[in-house]
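Next up, some structures in structure tokens.
Consider the two complexes below, in which subunit A is the common component and subunit B and subunit C are the respective partners.
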Partner chain A sequence: MASFELICPAGTLAALRAAVDAGADSVYVGFRDETNARNFPGLNFSRKELAQGVAYAHARGKQVFVAINTYPTAGNAGAWHRAVDDAADNGADAVILADLGLLDYAARSRPKLRLHLSVQASAANPEAIGLYRDAFGVRRVVLPRVLTINDIAKLTSEIDIDTEVFVFGGMCPMAEGRCSLSSYATGRSPNRNGVCSPASHVRYETRGSKLVSRLGAFTINTFDEEEPAGYPTLCKGRFTTHDKASYLFEEPTSLNALHLLPDLKAAGVKALKIEGRQRGKAYIAEVVSACRLALDRFDRGLPYDATVLDRVTEGGKDTAGAYGRAWR
Partner chain B sequence: MDDRANTRRPPERTPERTIETVVARLGLTLAQPLGGRLIQPVLDLMISTLARRHPDAFERMAELGEADLLVDPSDLPAAFLLHVGQKPSLRVVERSTVATARVRGAFAALLDLFEGRIDGDALFFSRDLTIEGDTELVVGMRNALDGEDFDIAEDFGSLFGPLARLPLRRPLTSLAGVLGNLHEVLLAPALRRLEQVERRLGRLEEGKR
Partner chain C sequence: MTMKKAELTLGPVLFNWAPEVWRDFYFRIADEAPIETVVLGEVVCSKRTPFFAEQIPSVVERLQAAGKQVVLASPILATTERERDGVRELVSSAGDFLIEANDMGCVAQLGGRPHWIGPFVNVYNEATLAWLARRGAVSVSLAGELTEPALSALAAQATLLGCELEVQVFGRLPLAISVRCYHARAHGLHKDNCRYICNEDPDGLTVDTLDGEEFLSVNGLQTLSHTYVGLTHEIATLQGMGIRRLRLSPHTCDMVAVAALFRSLADGVLGAAEARAKVLEMVAPAKLSNGFFHDREGVIDTAAL
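Let's turn to the complex of A and B:
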């Protein structure tokens, strides 16, 4: 039996097909609105596309999860409720939720629908996870990316539902669902509007041979001519303090925990998730097939190349994130 | 933290893309003195063909609102202005044309991007693609295009009517392979001559002003 289930992102139907063809066990998607944390222009699924995606995946024995993981605005939960209903009606195998009220709605109105707890809920202790399980029947928790391998192993041994962790993709180094940097700079946040450092507020400027990236009124980074660039996500900015420019919070890197497969297995992790619903289908195909190959070889006790994805990482760099972090 | 920095690597270019670049360069160079008269009907036909074959992508593009995207191939003598909105259109323009946003990169990379064969973010991270202006428009366009399976050969094959049914793809690909291998030797002088023609045309244009 495979050690891990591989959970892959898709922002379009073409990307979903690419993920399934490249070896995903499950694909997670979102609707084309602010009910999910990748509410990017031109991205995500209509109801019809979800039905088509589910049909494609199910025909090949794969699953589709729908992320409805932003927080409804007060007194205006209609769009979020409709998203849960439409995901269920269109054959989704699970919904990935964060908001307590929405979990309550889904548990009551769709008792057969499998519920996963989104990373956005930032549930990081057995008491919190136990509450979600007991109150709403949550069957799996996606763990926040701030935990170390030891934290994950301890937590997994203390709970009796599946754990899913991120193995590859963009980094969100704060406790998810609790970061206000994007709200501060742009008035729009991943938690309410489904987008961090939104493209509507991003500008790139060429100044001589340098590339300057800006978010709203803030300069986030300046790249020299030969330097790999990064998206101006606020927490990955290069800021000047005490006359020295440095990455204060996080470098523009991607998470790559492929070399930690033995530790993640020993920790009892059930599923590995790739971040990146906003990325194109060429990226999805490349990353999913590389992870599939690594997982298959790992299962057969063969050596595998954990660095094979360096080429597609942000800033041309990768990191094991909090899994192996020595905090500054 | 593991901070292995990668060296920047230019994207690989297939022989087909090399030929497409040379053909586009030749076409634009020869068509430019005639203004849009020669090339505009071809571009109109291309857009209407794509709209017919990929209605979902065009629906997504229409949702982006009325906007102009300057597609600026760094190795061609001119740029393209793509108007998105209710009535999409494509025109050949000077690369100094003001637009809502601008995307600049090698023609081959832009074609790869259009067909979804290459990761746009990775191209941007490696500095092979430059973006200016309204980033939301660029991201929206990328997503709208990436959701479809565009294929230049398939999509425009139908424009050649019965000719498209001839089994030409294989021999053309092998020819492209041969040319690709020899392109340093064979195409470099041709490209240099093209550049000279472009420069001469540029001087003539300036003389006219």
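Let's turn to the complex of A and C:
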């Protein structure tokens, strides 16, 4: 039996097909609106596309999960309820939710629908996870990226639902679902709008020989001519404390935990997740294939190349993030 | 609808103050501040907890003797064994004290008994509020990101549920929490050997942009706004919605004066414009903000536009 289920992102039907073809066990998607945490222009699925994607995946023995993982707006939860209903009616194998009220709605109105707890719920201890299981029948928790491998091992030994962790892709240095940095600068947040540091609020300015990246009214970074200019995600910007400029919160890095497969297995992790629903199908195909190859070799007890994804990581740099204690 | 009298709640001190300063701060609040409820506890970093633990009994006694309600806050993040033990201990030993839960693990342990929900539990809509109220939440302190229409819809639901709502009207706004310590990082230290360096910045460490513009404020694992939320012109609207509890978040400025000012404002004795001018003076050189309430960037101060 395979050690891990491989969960892959798709922002388009083409990316979903690419992920399935490249060896995904499950693909996660979102609807084309504010009900999911990758609410980007030109991305995500219509109801019809979801049905097509589910048909494609199911025909090949694979699954599709629908992320409905933003927090419904007070006075206007209709879009989120429709998302749950339409995911179920179009054959989704699970929905990935974060909001208590929406979990309550899904558990009551769609008792047969499999519920996963989104990383955006930031359930970081067995007591919290147990509550989601008992109250709503949640079957799997996507763990927040605030836990070390040792924390995860201890946690999985104390809970009786599946755990899923991020293995590759963009990462937040902050506890997910508990961050308002983006909306402080732009008025648009992951929790309410499904966006972080949105492109609509990004500007690049030239100042002499420097390129300045701005988010809303704030400078997030400046680059010399030779320096590659990164996207101004707020928590990966350069700021000044005590007159010293630094990447105070996090360097512009990606998570890459492929080298930790033995530890993640020993820790009892059930599923590995790749971040990146905003990525194109070529990227998805490359990353999913590489992960698939590594997992297959790992399952057969063969050495695998954990550096295979180094060249696609953000800024060319990667990190095991919070999985190692030194990150703190 | 008859308007109930507004009540002031003093949120927990978020910063790493010297234990005697912390104690004396609360003694003065007990003796002089027109505040109904004081929420006590170290919510940001469990490494700081032992410093305050020994001061808590005398602080609680002084506050209660002055007629203040004391509520005990749970930490924002509890991931380690020690932190989880801390939450269990808080829940089992609270006795008659109400607990303000700041994570879902604490919420899980409070089911069926009256409790408060703190601003670090995500309550964005009526269904979530109702679910929490059914499990025993009697008061919910809302996150600073909520807009006026959302607050209004939540307030209508809260009235039906018989649950009180609270909104932070003063103080730097918590924006994020991490397991990484940014104070230690700013000093080139690791969290495990942090030397409790966050004690150097009793209102947070200023984070500037590369343009030298003040932007954020770091408090160990927590990141806050550099601006101070100052909902002066919005208080009448909040009261009109039926939101009765107003939260003040402690800073090193004269919090007795801040409390007196918001008391007068809520009672209609002091005008919003005058109150704003006074608050601005107290937090200077920092600025005020109210953007989230007005569905704008949180950093914005609509009164200064």
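Everything below uses one rule, namely that the second predicted complex is superposed on the first by the 316 of 328 C-alpha atoms of A that agree within 3 Å, B and C clash if a C-alpha of one lies under 4 Å from a C-alpha of the other, contacts with A are read in each partner's own complex, and residues count from 1 in each chain.
One rule holds in what follows: a residue touches a chain if its C-beta (ideal position, glycine included) is under 8 Å from a C-beta of that chain, and two chains touch if they have at least 3 such contacts.
Worth saying up front: this structure is predicted, and the values here are computed from it rather than measured.
A.B. asks: After superposing on the shared chain, does subunit C or subunit B touch more subunit A residues?
C.D. replies: Ranking subunit B and subunit C by residues of subunit A touched puts C first.
A.B. asks: With both complexes superposed on chain A, which partner does A:60 reach: first (subunit B), second (subunit C), both or neither?
C.D. replies: neither
A.B. asks: After the superposition on A, what does A:40 contact: first (subunit B), second (subunit C), both or neither?
C.D. replies: first
A.B. asks: Mind working out whether A:177 is in touch with subunit B, subunit C, both or neither, as first, second, both or neither?
C.D. replies: After superposition on chain A, A:177 lies in contact with subunit C alone.
A.B. asks: Is A:191 in contact with subunit B, with subunit C, with both, or with neither (first, second, both, neither)?
C.D. replies: Touch status of A:191: second partner only.
A.B. asks: Go through subunit A and flag every residue that touches subunit B in one model and subunit C in the other.
C.D. replies: 325-326
A.B. asks: Okay, in this complex, where on subunit A does subunit C touch?
C.D. replies: 71-75, 77, 98-102, 104-105, 121, 123-128, 130-132, 146-147, 151, 154, 173-175, 177-181, 183-187, 189, 191-192, 216-222, 235, 238-242, 244-246, 248-250, 322, 325-328
A.B. asks: Contact residues on subunit A for subunit B in the complex?
C.D. replies: 11-15, 40-43, 198-200, 202-206, 211, 223, 225-231, 251, 253, 278-283, 286, 307, 310-320, 325-326
A.B. asks: Subunit A touches which residues of subunit B in the complex?
C.D. replies: Answer in residue numbers: 1-9, 60-61, 63-64, 116-122, 124-127, 130-133, 135-144, 146-149.
A.B. asks: Can you list the subunit C residues touching subunit A in their complex?
C.D. replies: Listed in rising order, the residues of subunit C that touch subunit A are 76-81, 84, 87, 103-109, 111, 120, 122, 124-132, 143-146, 149-154, 157, 173, 175-182, 185-186, 190-192, 205-213, 215-216, 218, 223, 225, 291-292, 295-299.
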